[in-house]
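In the two complexes below, chain A is the common chain; its partner is chain B in one and chain C in the other.
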Partner chain A sequence: MIRSIAKKELVSTLRDRRFVVLSVLMLALLLAATLVGRASYRTLQRERQVAQQTVNDQFHHQPNRHPHRVAHYGSFAFRPKAGLSFLDAGLDSFTGTAVFLEAHQQNSVNFSQAQQASSLIRFGELTVAFVLQLLVPLLIIFLCFNAFAEEREAGTLKLLLTQGVSLRRIAWGKITGYGQAVALVVVPALALAAWLLLSNESFANSPDAWARLGLFGLSYVVYFFLWIVGAVVVSARQQHARTALVLLLGCWMLGGIILPKATANLGANLFPAITKAELDAKVHEDAQKGINGHDPQDARSAALKANLLKKYKVDSEEKLPVSVGGLVMAESEAYTAKVYQQHFATLNHTYERQNALTVWAGLLNPYQAIRPLSMGLAGSDFAHYVHFQQAAEDYRYQLVQRLNALQTSMGYGDKERKLDAATWRAIPTFAYEAPVLGWALGYLVGPALALLLWAVGLSWLGLRAIDKTSIV
Partner chain B sequence: MTYILEAKELRKQYPNKLALRGLNLQIEPGEVFCLLGQNGAGKSTTINLFLGFVQPTAGAAYINGVEVASNPLKIKQYLAYIPENVMLYAHLTGVENLALFSSLAGFRYSEKELLEYLANAGLPAEAVRRRVGTYSKGMRQKVGIAIAVAKHAKVLLLDEPTSGLDPKASNEFSELLRRLSQQGTAVLMATHDLFRAKEVGTRVGIMREGELVDVRPTATLNANELEQLYLTYMQ
Partner chain C sequence: MRTFWILVRYEWRHFRAAKGLVLLTGLVLLVGLYGIYYGTTEIERQRQHLATLPTLAHHNVEELKKKFPGPADAGDIGYYHTTFAVHHPTEWASLALGQRDVNPYYVKLRLLGLQGQLYASENVNPTKVLSGNFDLAFVLVYLFPLLIIALSFNLLSSEKEQGILVLLLAQPVRPGVVVAAKLTLRLLLVLGLALLLSAVAVAWARVPLDGRVGVWVALVVLYCLFWFGVVAIVTALQRNSAFNAVALVGAWLVLVVLLPGLLNVYVDATRPVPQGLELTIKQREEIHGGWDKPKSETMNRFFALYPQWRDTATIRERFVWRWYYAFQHLGDESVRPLVAAYTDGLRQRFALVERLAWVSPAVNAQVSLAALAGTDLPTHLAFQQSATRYHDALRAFYYPYLFRKVAFTHDDYAKEPTHTFTSTSELGTATSGLWKLLVSVGVVWATGLLLLQVRPLNPR
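And now, the complex of A and B:
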């Protein structure tokens, strides 16, 4: 019975010129978004790879220098684009792409696409995720708003029911049929995405990328399912198709536009975050309490020097086998890094609390459940961004401390000497390893559960409501 | 005796109207019972109660001995229904509509059988593969008849089935009802058409303000007597 009704819905839908036109437009948008997203991904990825290679070469080809000059010469870490970010750019356009790595200073990640783009980016980009999250639900609304209401108005519902079919089975048949119609629009775009992934050797052999794509697709299956169920239930509970359409469009606006903005504003007001300038000021203020590597008169530097003389049982700095300056720099760097990490953790905690509000909002609004899930699986969410920031900071710290260790090993009078250029070529450059899916899933349990809860809850409650639908 | 259709003290109270006041009715297999009455007399409510589409306030309706209200799905296997205006799926063809409704009722027919049902219902051969959206009311009614016949139901519930049909189509419809009646199908038909009621009915019942005020075998009345009787009650 369900199969017969599903087939009827699919055939009727495909013969409906309005749906065909809408679907072709939607499919074209999806395919365009996939291709444009992929092209943009390739351009940005190539730019960043070239930039990273250039700064790495420049770092390796420094002349004979003192290690601390090398530490200040520094390097850059460019954030590689995540493999699936062409499907969902997430926060990528707004978060920075490059960070300058140098001694004593934890710089922010700068040069976001939004900074470099025109104001048009404020209107949002045409990404596959945008089409899937907001436009496909609109298509579903136009497809399903009259699922029951029109049958009731036309009188076909009575005829269906007299054949011995329950309202619930009719609903499942309709849900299946509409699901197949939506699949005809969405599957080609995801198939294209899979083919594009396959064309990239590094992704083609990456089970992680395929698992992410699989879960990405699955998440949207659940998302569309609950939109279809919701639309069918609303259609069944409303006497007129027009009322059902208005109600569903209201839900779309509330869920897709109003609630996300309200939640973001609420989060920012409940858990205010400090600005980058305030963070820098706080780090600077607290760092003053540690050793200042560039101040020879610093009392704590003097104490360290005294301890060294005692340790090596010598009476002057000249007789020390190590450079006091190098050790002071290392101490200073360790202290500054510790201070920075503390403030960074506090700031991230604030962001996490803001984000947690969004996760909770996913229980009220499925759009706010699919959004973090989609971004997380595409590797373009806040957690992935912080992972990069942390990796860059870890590398910066290791690099600077390695250079401080080189300076220390140069002994007394190191400032008058330089190390051979070959020394820099032995230092590994920044190579970012994006986190694996298992790591990302840890952040996505909340949104995934919210989405599942929506799907199960809506099916259960909605179909119970359909059972009680008035027929005449 | 087991009646194929039975109403016992069937009552339906809507929020602002008492639509049916304790209806008692028994219909045997092969009988064609015509319910006559003005609009709002309770004819359609009676049909809807037998279909299980509305719940009775009191009393019970039975089809083949099975109570309708507590077995709304089971009783559907015994009945077929043709409304005043048969609405079908406009994007499907006549034969696709028949195939769909038959499959939902549990009957899988070959293409040839489906075409036969449609032909027997009087649908022109050139129309069977056209989308129903292009059909006239009479053509849709014929597909509705084919759907009802293809279900092989024991009971046929009809709500003003000949309303708006041309005389030829009405006549064909009457002929079909007679044929089904001879095969043992019980028919309960709500109608305003006294002529058709006299022609095909075995009994007529006159309803007024939710009450079945009179029941007569059609054999005991001629057309004029039936009209006079009807008008008397409608005054």
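And now, the complex of A and C:
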């Protein structure tokens, strides 16, 4: 019986001209968003690859230089776009793309897309995720709001029940039918996405990208399912189709537009973050407690020198096999990097507390559960961004310490000498390894659970409520 | 005319009796007040941050005074001394935050090359900026149309569905008057709410009462009128309530959600600006190349730009600060065309958005309100320009010390130029937006009235 009800719903949906127009529009939007996302992904990716290649070449082709000169020359790290970010750009437009890596300090990641745009960007970007998260639920609402009301008004509901079918089975039949109709709209777009992934060789052979795409699709299946169930339940519980529609639209607006903004804003108000200027000042203050690489009069530098003289059993700096300057630099770098890391961790912790509010809101609002889940799977969420920042910092630290070690090995009077150009070619350049799915999943447990809770809760409680609904 | 006011009064009673609608209106009022609270606290926080900057700069000077107790080489001071270029908001910024949370509102500057410092970003939580700001402009542009739709989607259809319209039109009253009375009450209600919120915001944010208040009010009123025009069109089609609801929400979706997204894609595709990455790479290459080039070559290039320092002593030392700052500046000079191309590209982007804003009155209203508040891209570019001039002034202040080898004393810190920049309203953009909005209003109302004329009201 469920199957025949489902078939009836699917057939009558497909006969409904309004639905066909809307779905074709939605499908066109989805396909367009996939292609546009893909095109912009490629442009940005190429731009960053070229930039990274340029700075890497520049680094390798430096003339004879003193290693500390090279440490100040530094390098850049450009953030590559994650493989699936063409489906969900997530935070990518609002996070920086380039960070300058140099001795003594950690710079901010600059040049975000949003800084190069007008306030138009704040209306939201047209990505696949946007269509799936906000527009498809609207389609579902228009599809399902009169699921029961129509049958009730036409009197067919009574007829159905006389056949010995329970209300709950009718509801499941309708849910199945509508699910099939929605699948007709969404599946082609995801198939196109999969095909586009396949056409890119580096992703075609990456099981990680496929697993991400699979879970991405799966989470949207759950998301659409709970919208369909919710809409059918509301339709059954409301006397009139009109009130069901208004109620569902109200929920959509509250969940899709008002709540996400309100919780994010509230989080920022509750846990204020420190400004860059204050952070820099604090780091500077704390770093002063350590050794200062550029200050020969520093008392700690003198102590370090005295220890070295004792260790190598010589009486003057000239006789040391190592450069005191290089060792002082290395020690000061280790200290300031540690200070930076502490402050950086505090700042990120503040952001995580701000964001936690949004994640908890996922329990109230399925949109706020699917959004982080989708971004996380696409590799464009906050955790992935911090991962990049951390990788860039790790590389910076290793690079600078390697150069400090080179300086140390030059021995006394290193400042008067330079190292050969071939030295720089032996130093590895920055290569970012995006984190694997297993790493990302750790951050996604909360939203995934919230989404499942919604799906299970709605099917259980909602359908129990349907049992008690009036037939006339 | 009397019947008109009787009908308006009747509608008012009707509205008060409809608990759901009263609740909704009250909710929008509360949400609007939250928007004002949020906007003002956000700007207040930025103001507080800006207020801490002089203290930070002062600490820095104290530290330098301790580090260099006697007269010092100005080169050392220029290297270690940090100062700030600050971008103060207008009072209007609290009402429409625009891009003020995305773009840095101060820049930390040293005497080094400017291009390596100008684009440093502020600490922002990307998750928060992605969600966007819940300011008054958002409430007005996004949520007010929904209130208008909720209040009037069943303007005639509900009366028709309940069979009241037949009775009503049996009286000696023209159908046009009925529609006008119903629209008037809703218009008064919505405009009253919008103006009340605006007044609260103006008072709360201590906005100076000048002509800009008029522009704000005009923008808000016209934007609401536009949506009532859309309602008039849908009402004139005389379909059932469900159809009206779907059609109006559809219009909202297209104008407020879809078109802005499409416009974004279009602007990005037709006005790409990749020069940002390019110019920082080039500037670094140029500056660090300075260490390896012969000093005379660097100095001659510098003297071509600043002939007034040509007669200073030839450099024979291994390192001297004036040479160092000369190649820092030459690094900036080398990317001058790229910087111009980058900022031009951004300006063109904004100009394109402005030109296409008529496509969606929501985009138009948003861009115009942000322009009035001085919180959009052009204002940020103006700030960057002002910071550049400040950096020029800093160089002009330090050069005599460096080139004439004048010692930098503790008294000299106070003589250093300081910077302040307060955004101004982009009135040009706001008023042109106003005209475009006026045209949109004219078009929808003309269409609505024409439809009402052509299709006489059918009470059944």
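The rule we apply is simple: the second predicted complex is superposed on the first by the 471 of 472 C-alpha atoms of A that agree within 3 Å, B and C clash if a C-alpha of one lies under 4 Å from a C-alpha of the other, contacts with A are read in each partner's own complex, and residues count from 1 in each chain.
Quick note on the criterion: contacts are C-beta pairs under 8 Å (C-beta built on N, C-alpha and C of every residue); 3 or more make two chains touch, one makes a residue touch a chain.
Computed from a predicted model, the values in this text were never measured in an experiment.
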(request) Name the chain, either chain B or chain C, that contacts more residues of chain A. (result) C
(message) One more residue to check, A:Phe76. First (chain B), second (chain C), both or neither?
(response) second
(message) So in the superposed three-chain picture, is A:Thr156 touching just chain B, just chain C, both, or none of them (first/second/both/neither)?
(response) first
(request) Applying the touch criterion given at the start, work out whether A:Pro260 contacts chain B, chain C, both or neither, answering first, second, both or neither. (result) second
(request) Return first, second, both or neither, reflecting whether A:His60 touches chain B, chain C, both chains, or no partner chain. (result) neither
(request) Using the touch definition from the top, say if A:Gly164 reaches chain B (first), chain C (second), both or neither. (result) first
(request) Please give the residue numbers of chain B that touch chain A in the complex, ascending. (result) 48, 51, 53-54, 73, 76-77, 79-81, 83, 85-89, 91-92, 96, 100-101, 103-106, 131, 144, 147, 151
(message) Residue numbers of chain A touching chain B in their complex, please.
(response) 1, 4-5, 8, 11-12, 15-16, 154-156, 158-166, 471-472
(request) Could you pull out which chain A residues touch chain C in their complex? (result) 29, 36, 39-40, 43, 47-48, 51, 54-55, 58, 63, 65, 69, 72-74, 76, 78, 90-91, 93-98, 100, 107-112, 114-126, 130, 134-135, 138, 142, 146, 241-242, 245-246, 249, 253, 257-258, 260-265, 267-269, 272-281, 347, 351, 354-355, 358, 382, 385
(message) Residue numbers of chain C touching chain A in their complex, please.
(response) 31, 34, 38, 41, 45, 49, 52-53, 56, 59, 84, 98-99, 102-104, 106, 108, 116, 119-134, 138, 142-143, 146, 150, 241-242, 245-246, 249, 253, 256-258, 260-265, 267-269, 272-274, 276-278, 280-281, 284-285, 288, 291-292, 346, 349-350, 353, 362-363, 366-367, 370, 375-377
